[in-house]
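What follows is a pair of complexes built around chain A, which joins chain B in one and chain C in the other.
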Partner chain A sequence: MLKALLWKEWQEQRWRVALATVWLLGMTAIGLKTRILPDIGVVMIIWNPATIILPVLLGMGLFATERKERTLSYLIVHPVSRSQILAAKVMAGLVAYVAPFLVCGLMVCLAVGGRELSTADLAGGFVIMGAMGIVLFAWQLLAGLRCRRGETYILVSVIVLGCWGVHAAVVEEWRLTENVGYWTWALNPFAIGNLNYAKPSEVWTVITLQSLILAGLGFGLWSRFRRLREGRS
Partner chain B sequence: MRPWKPYLWKEFRENRWFALAALGVFLGISFVPQIVEALRLQQKWYGGPGPLLMLFLGGPILAMVTGVYAMGREQGAIERFWRSRPVNLNRWLVIKYLVGVSLVWLVCWTPLAIQILGKAFEQPYGSGSDRGTISMPLVYSFILLLIYSVSFLLGQCVRGVLHAAILSVGAMALIFIIPLAVGPLNWLSVETLLKADNGTLDARSHIIFVTTMTAFSVVLLGLAGILWRRNVMIDVDQRTLGWSVAIILLALAAGVAFPIGTNLVPTQVISLPITGDSGIEDLAVQGSDILALVYGDTALKDPHHGFVRVHVAEETSVVGEPIWLVDLDRDPKRKSSVQDLVWSVEDPSLAYMCVRQYLEEDVTLDGVPSVPWLYTVALDANRSDPIIHRVELNPGAALSHLTEAIAYLHRGRLYIRLHADKPAGERLLTFSLADPKAPSLIHSQDLVDRIGWQQENLAKKPAIRLVPIPDLDDSARLEITHGLIHYHYWTPTEDGRVLVSDFDEGTYVPRLTLYETEPSQDDRVLLHPIARRRSVALEGFLQPWLDDLLYSAPFAYRMEGNGVTAYRINHSREIERIGHYVTTERFRRMVPLPGNRLVIAGDRLHVLDLSKKLPPLSVR
Partner chain C sequence: MSETAISITDLHFAYGRHKILDGVNLDVPQGSVFGFLGRNGAGKTTAIQLLLGLLAPQSGRCSVGGHDPQTDAVAVRRAVGYVAEDQRMYDWMRVEQILKWTSSFYPTWDHAYAQQLLRQFDLPPKGKIKTLSKGQNTRLALLLALAHRPRIVILDDPTLGLDPIARKEFLRSVITLLQAQGTTVFFSSHLLYEIEPVADWVAILDRGRIVKAAPTDELRDTIRRFVLRPKASMDLSKIPGVLDVARQDGQWNVTVETAGAETRAALSAAAGDDVEELGLNLDEIFEAYVIGNRGREVAPC
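What follows is the complex of A and B.
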């Protein structure tokens, strides 16, 4: 049954995957071909916003669109556990998010790896951006699970991003990393994109905390989805 | 009640909470961090850049949301309800539009007004130094008006608020990017803001800008009215919308990026045999041979200055062994700053260096007392100490806080310009190279006026003050003057003209101007422009600063904050952009090679060949 659910989700999400891939690949190709900026500048300018925007656009199609079109209630009455429905949706969402990154990252590494940046540096950067996007995706999915419209999901996602932005500003302004501890910053998903490899302890703190947070978000999502009520009327 | 009052009352009721929320966000973000800082550091709470930043960053988002929301919220049953009422649709629409505009402007201007009032109470008579606080928002408000109008139209005619909002974001991007990318529309771009900020936007330009933006907005409102009356709604599903926006933005990005992108490919990239945090500090050239002055790690304990000779052939290059100036950097407390490098034409095994030496402990905010030297260096790798002769350039420390010592070789004479800021003064030294290994001072002259570019104000003609060498003609003196200037924002061309690189008045947009020169009077050459090329405004965003300008007929090369741009000046005085080259390396110097080639020094030497960029008949 999970396979059928995955197939359904793939049918619904594939145009978004194609769109995201074409957009990301097209913009990166234009930037890298024209070389208006150094390669690192092109990658940062195009991929950083994509890391933030893509999870919102892809997450919107998982629950909000289905609730708006009132098809979620039909899905729920199928003889399949909610855990499986949730797993299929989350897996499809992750694949939809990771696939454009993977395809474009591979193409970029093959095309310009070693030109200005080494292939390893490029691949490492893409992995970090992808990981940050996945954590943001999980936060937005949890916060926007009950949204009935795409607009609301976007608003909720923006609020989630805004909260983490405020958190980053507070940590920076009040120097919480120095006064309280590095973990105050490591909680923030944006810390994944700001790793200092010269300090392995900080890298491990971020990895550990973000893994725990991701597990917690997964549990929270499952818990909220189990209690989700969806009526036809 | 008069007929318009009910509409106004309805709009006010529907918008008040949204307006209050937006105002709260704008005021909060503008002032809360400042108030926290003020409490902590006992400073003014209204002095920060928050209100302006909120206007520039939050304003477009607010205009877009308000515009889409104004008509978008009426879609569906509510719209059908209003159509069934005996209401004047035009009046309903216009009032809706005006209330939205008022909301956007009110929310954007309130934090600014508070800041301006706060400053006014502090300085009742105003020094005028905060001109930009008012003039920039005045200009920007009309860009917001256009964004709002487009969003209003899309909110009215596209079914689905989300779809209209996505399209509005695309339209907003077009409003900002197209005037920057399309030359003839530059006057409608945000570049106008900079002009307003620095006072170069005259009243006429301001009125034209405001009128155009208002006219566009009125047309959009009229279009919205027509579509509203005819009940035209565009139904776009998510998929079509997504693909349309993606394709339009990709086409736009390609259209903008390719004309200003990097299209020059290096024929060679030459690594020098230096390691660690090494860098190329200066270049000198003779034919196809390059002499690179490097500073970096050696097998010795501390980093040192040194020379590397490179022969650059058409397709290959030969790199020599580095020659380290061990003696120059022997004392770690005594710092040496190499100011200029000259390669002897008479004897290519010799080079001359102007060096400033100072003690690190003497460095103060006012500068550093330094001792300038002229070193003669033998480029013979077998020597243990390549410095074979040295002359102190400023005996008696007449110019105490020396900042520049620049040399130029011309017909067997070595000219050196010394420049000091405190006290201000310049001196021209002339050395004879009768014995190339031991230059001897034959003339020293204090310069009354600083040589080089002169333009007291924009109303006056620019001029170049030449070095006072009586037995040379204007052309030679122009060449020597250029050689004695450190950063070349201007350069003489082969036909006695002068090419100048600067920013367009009051903006960040680079331009090149070709000037005709008049015969010199009192050592001054007056210039009048004969051709000008202004870059596309978007290029200005990518070039945070301008650096060296080099002319090697028929090409001119400008080093910029982001790479090197090549231009060609043809006989019809047209300045044509040929291409651009950039890498991650920061470029420091460039020198021309025969055959329309250019060598750029970053961490490595990059060789560009522009022969193929010449028209077929003029290849030489």
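What follows is the complex of A and C.
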């Protein structure tokens, strides 16, 4: 049953994966070939926005589009538990998100690893960006689960990003990491993106807190999806 | 037909403060074609969603094929074939793809029967769902609901949006087929002329309550309309089971729930021998229950 659900999700997401891979690969290749910026600059300028935009586009297709087209009400009348439906959607979403980064990351490591940055540094950077994207993806899915339109999902996702942006500004402005503790910044998904510059103890604070948050988001998503009312009265 | 396929006991459901179902009780006999009638917004779809475990009631219980939808929704959906009103499927799939995909959810899926229905319903296996007509879409939804050979089929206004010929064809082919197989059919509709020729049981849902549930023949036999011209003063409140009274040019049409001797005597006392007794069709019976004035708004003459 899970296989059938995954097949359906993959059929719906595959063109987004293909498009994202082509776009990411193309832009990175152009940037690295022309050398208009140092390699690190090219990767940051192309991959950082992709880390933020791609989860929004993928998440939109998982629930909002299905709700808009009223196919989610068709899906949930099948003899399959909501946990399995959600698991298939989340797994498909993660695969669809990770695949373009994995393909492009490998290509970049093979092509320019050791030129300005070591392959290990490049790979580490990609893992960090991917992890940040996954946590943002989870926040957006939880906040946008009830959206019935793609546009609303995008708006909700932008609000989520905005909230974490404001949080980052507040932490910075009030020097909360110094006055209260590093955990005030480690709560923010963008803290994952800054792990390259963090001390070892701070790295563990971020990893622990973000793992707990991710587990909580997963539980929240399951709980909300289980109670989701679909169809008309 | 002695056993119960679907049982609903004191079911309550509300969206916030808006009550949708207010103490619904219903038993659907096994093997029957059960017409579930109600106006638009009466709560038919909500009741069906509760039966399938898609919604949770505030209180009350229901059982479908011996399973409780609240604790074992997957078993209920496995035992039931369901067609929703104006059902939307994945329009990027081909007919053969959705058949294969749906079959993976049902251990009892009968591939040979699915192919037989595919030919019988005249559906193109290679055709994409988005290219199918409304009628073909409904037939495909039905095929998907029947190919696992369910013991109970729940049809929620399945012919909504079809033209009259397609509706007749659908009823003729489907209900007859299911009746012959002894499948219980729970058929919700607001088009009474659709239900009348095929339903052997009928329940009328109005404002969240079942106002009547009985075999169709029994309804036709017991609910009568009396046409009379009262000569003496008549107090309608004394006549038992009055559903509706319509008065026009001195002529009264009194619809009663159970036309017993007491009723006939009360009417004869008021109008003498000038009382005509008429049988009613399902449409008129439904109207009497749902918009009947119970004789309240008619002043005694």
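Quick notes on this one:
Just so we're on the same page, the second predicted complex is superposed on the first by the 228 of 233 C-alpha atoms of A that agree within 3 Å, B and C clash if a C-alpha of one lies under 4 Å from a C-alpha of the other, contacts with A are read in each partner's own complex, and residues count from 1 in each chain.
Simple rule for what comes next: a residue touches a chain if its C-beta (ideal position, glycine included) is under 8 Å from a C-beta of that chain, and two chains touch if they have at least 3 such contacts.
This is a predicted model, so every value here is computed, not measured.
In this overlay on chain A, chain B fits alongside chain C without clashing.
Rounded to the nearest 10, the angle at the Cα centre of chain A between chain B and chain C in the chain-A superposition is 140°. Looking at the shared chain after the overlay, A:Lys8 reaches chain C, while chain B stays out of its contact range.
Contacts of A:Val80 after superposition: chain C is touched, whereas chain B is not reached. Once chain A of one complex is fitted onto chain A of the other, the partner contacts of A:Ala120 are absent, as it touches neither chain B nor chain C. When the two complexes are overlaid on their common chain A, residue A:Asp39 makes contact with chain B while staying clear of chain C. By the document's definition of touching, neither partner reaches A:Val180: not chain B, not chain C. By the touch criterion defined above, A:Cys163 lies against neither chain B nor chain C after alignment on the C-alpha atoms of chain A. Legend: residue contacts after superposition of the two complexes on their common chain; A:Leu19 is shown touching chain B, with no touch to chain C. In the superposition on chain A, A:Leu106 makes contact with neither chain B nor chain C. Superposition on the common chain A brings chain B within a closest Cα-Cα distance of 12 Å of chain C. Looking at chain A, you'll find no residue that touches chain B in one structure and chain C in the other. Chain A makes touch with chain B in their complex at residues 15-16, 19, 22-23, 26-27, 30-31, 33-40, 65, 116-117, 149-151, 154, 169, 173.
For chain C in complex with chain A, the residues that touch the partner chain are 15, 20, 41, 43, 45-46, 49, 52, 54-55, 73-75, 77-78, 82, 84, 87-93, 101-102, 104-106.
Residues 33, 36, 161-162, 165, 238-239, 242-243, 246, 249-250, 253-254, 257-258, 260-263, 542, 562, 580, 582-584 of chain B touch chain A in their complex. Contacts from chain A toward chain C in the complex involve residues 1, 3-4, 7-8, 11-12, 69-71, 73-74, 76-81, 229-233.
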